[in-house]
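Common to both upcoming complexes is subunit A, partnered first by subunit B, then by subunit C.
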Partner chain A sequence: MSNALKQSFDLSAFWEYRSILWQGLIFNALVFLCAACVALSVGLGAALFRINRFLPARVVGTLHVELFRNAPDYIMLVWVHFVLPILIGLVIRRRVEFHPFVSAVIALGFVYSGYFAEAFRAGMQAIPQGNLDAGRAFGMSERLILWRITLPQVVRRMLPEALNLFISLFKATTIVSLIAVPDLMYNVSMVIQQEMRPLPLYTGAALTYFLIIFALSSTARAFSERWRQKIQA
Partner chain B sequence: MRALHAKLSAPIFMSDVPRIRIAGVHKSFGPLEVLRGVSFDVQHGSVVSVIGASGSGKSTLLRCINYLDPPNSGEIYIEGEPLGSRIDARGGRKPRSLAEINAMRRELGVVFQQFNLWPHMTVLGNVIEAPIRVRKIPRKEAIAYGEECLRRVRLIDKAREYPARLSGGQQQRAAIARALAMRPKAMMFDEATSSLDPELTDEVLSVMRELAVDGTTMIVVTHEMSFAREVSDRVIFLHAGMIEEEGPPAQIFEAPQSDRLRQFLSKYRK
Partner chain C sequence: MGNWERLVWNQRDVLFAGFAVTIEVCAIAFVVAILGGLMLCLARLYVAPLRWVAIVLIEFFRDTPIFVQLMWVAYVWPEVFGFPNDFFTAGWLALGLQSSGYLAETFRAGIEGVPRGQREAAFSAGMSPVQTLQRVVMPQVALSSAPSIVNQFTVIVKSSTLVSVITVPDLMSQSQKLVNVWYEPIEILTATAGLYIAFVFLISLTGKLIADRLRQRFGLAAS
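Let's look at the complex of A and B:
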């Protein structure tokens, strides 16, 4: 085995810096959780716009989805962090600066809201009209129907796709080091600058991400399948 | 004798205001005129069956009665109260808001051809949902009455099951219990047995028969002629969006007046 290859599997350097790397990972988790909340709520809003009866609302919803689904998250991140504050500053005539964490959450949250909107929309349109008719016939308001009949079924239907989106979103949190959010990748780069041993550190980071995502997603998948099966014949 | 007379006259007095009055209902979908002026009354505790060929407007009529498809003109009255509009202080008519229509239509229980149970809730969950969320009945009370309704349709042992695990007949009985749980002023059945296998229709029809015997006010759209004949107080034959003939079941089935009704019934006699 070549020396370099051996080095790449020697993860002792990675282990040595575990506390600072652990802190970075917590940042990844925080960015993920906040961005997921933004993506889910904005995505649901956009989906409701997309299936609205009124044309202007549908246009706004469609524009939202197309804009954010087709924008690379990397570019969105840079744009939100460096351009958006200037634009806002021009409007309110004051210097504005975003905390890198805020920029990361906004950028990733909005990019993924485009994908979540499509998942929500597909789920809502798959609900049989009779389900909604039954709600209306018993005097339920449209809001009550949305919360009690539509969404609980949509969530079950879109779970497999939502899980994939969550996995992508978690992976996407690795690019936030670009705007100096001190996440795992950012801390790894810092350590590499000091130690000059990129092989074990990058390999360690890759393994860490793999293990976390693999463990979380297989657990979530097992739970979601059991939950979904209850309502399927 | 006087007491007996008083007892007998009570329902006659109540029948002054029909439970449901359908007055001149028109409904079109684009250029297609589905209902062309349908009017009839449903008295308290009576069963009215609506028969007619496919496409005669039967299901649309039910959807108009509870405003799932609001009629283009005409009005529905529930115990004298117009469903789609209200009389304002100056005596003029104002269309009701969606919220007001919701409050009115909860008085009509609907049983759909396709059951339309909510698949993510248990049978009992389906039954108590609207009483709790719409009628704001305390949960405990709603469960107690919901279980009573499930007993009535002989489904209490399936209360904790999800609809997907029930047979079609059981699902339809659960849907009947769900409608009963709202304590509606009238029940409407939209071809309640049409999507069931023949061996499952009897269990649903027998539940409906019991409701009729118990004095439930019912509008029944059906293809089950023997059921309509046995249970109804009045039968309405709908043809091309209009009432072609109506009367007591004996007259409709034994001595039909119009050619169209004779023709229609002959298909069922074969």
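Let's look at the complex of A and C:
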């Protein structure tokens, strides 16, 4: 046992492969960035649907949120990678295939758009009606009101919640290795297949992710604390 | 429609066998998460020598992605600690440990939310610290954290799809096996996704109902 323990914390094997693992981590960051953009824009759209005056739009928005908030991200990933291209192919009558990276961005982006939509909606509903009425009285268009009055306040209010969601999204990017996006976990399992030494590599991967996410989440926590005091003052 | 009947309805036994394994893994992980979270939380608050151990464990469980933790528990632990010996155990253990980290923080917030005066009143009524915890503090914590506990169960169910990666025959892995046999992913994967979404939706709906009930009966601002 002590031998195994020593082996799993002997991270020299992990260090030896640092360049390929580093490349994997960059893929994690790329998937994260692209998926975050998708999640933010789709989430904003869904939130606007949910608070729309027209009932059908509200129904669509609510369906979107309930569907993606209740979906496990792994099954969505598999579904987007293996089913969605066939469905699109049936419609445009041509063979379609998604690059794993594209599938990963779509799946994670849409799953997290459900959570972001709720954050946006909560922020929008907290804005006093008087602000919107004042904007209209000045002759601003609805779009201008959204950009100049609503969104600046919403962003300020939802920032702490959004940081938490971003961290969850970053954690979720580890599963993209399962559809062969060459991220850190994927490269770790490739190296393990060659070296047959799972102990140091899995331990190293777990510690790497822990350190990154711990740093991110403690920064986010400290920042949110200050931010709350600032916007309350 | 023929495809749905052939690929999904006629395979319902396989899919339900997988669903049963999913429920089993999630139920065991849920119990582990509650007990583990309670222990971590109490150690952090009341057992001074173990305080830092508990904090490190809580942070480690919370800040490591579930997939990475699952692989780590499944492949590294058997060599280092001599258990878990099978992947089913590794699956619920990893799921339970991760959620225990989150629940420990939920319980701590609940305990710290009980006004100090109540504890002092219990002491002056002659209750021992254990009795105070048992009769005054914990019932309130159970009420205030009930919604978060249910929410954590949905997280467990969502993460449990990943145990298919370590060959536990859950719903996800059964449906992938069917896809590999028939080479027709559309109906099978869509049905599986639908089943998961419906299941998680049902749990969170139950959670909302429980929260409303608690609020009505006990007038608590459960959120």
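In this text, the second predicted complex is superposed on the first by the 216 of 233 C-alpha atoms of A that agree within 3 Å, B and C clash if a C-alpha of one lies under 4 Å from a C-alpha of the other, contacts with A are read in each partner's own complex, and residues count from 1 in each chain.
Please note the rule applied: a contact is a pair of C-beta atoms (placed from the backbone, for glycine too) under 8 Å apart; a residue touches a chain by one contact, two chains touch by 3 or more.
Small disclaimer: the values here were computed from a predicted structure and weren't measured.
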item: First, second, both or neither for A:A134, with subunit B first and subunit C second; value: first
item: First, second, both or neither for A:S217, with subunit B first and subunit C second; value: second
item: Which of subunit B and subunit C A:I149 touches, first, second, both or neither; value: first
item: Residue contacts on subunit A - larger count, subunit B or subunit C; value: C
item: Touched partner set for A:L67, first subunit B, second subunit C, both or neither; value: second
item: Touched partner set for A:A57, first subunit B, second subunit C, both or neither; value: neither
item: Touched partner set for A:V102, first subunit B, second subunit C, both or neither; value: neither
item: Touched partner set for A:L163, first subunit B, second subunit C, both or neither; value: neither
item: Set of subunit A residues, in rising order, touched by both subunit B and subunit C; value: none
item: Interface residues, subunit A side, partner subunit B - complex; value: 128, 130-131, 133-142, 144, 148-149, 152-153, 156, 230-233
item: Residue ranges of subunit A touching subunit C (in the complex, touch as defined); value: 1, 4-5, 7-8, 66-67, 70-76, 78-79, 82-83, 86-87, 171-172, 174-175, 177-178, 185, 198-199, 202-203, 205-206, 209-210, 213-214, 217
item: Contacting residues of subunit B [partner subunit A, same complex]; value: 66, 68, 98-99, 102-103, 105-106, 108, 110, 112, 114-120, 129-130, 133-134, 162, 164-165, 178-179, 182
item: Parts of subunit C lying in touch with subunit A, wherever the complex brings them together; value: 59-60, 62-69, 71-72, 75-76, 79-82, 154, 157-162, 164-165, 172, 176, 179, 185-186, 189-190, 192-193, 196-197, 200-201, 204
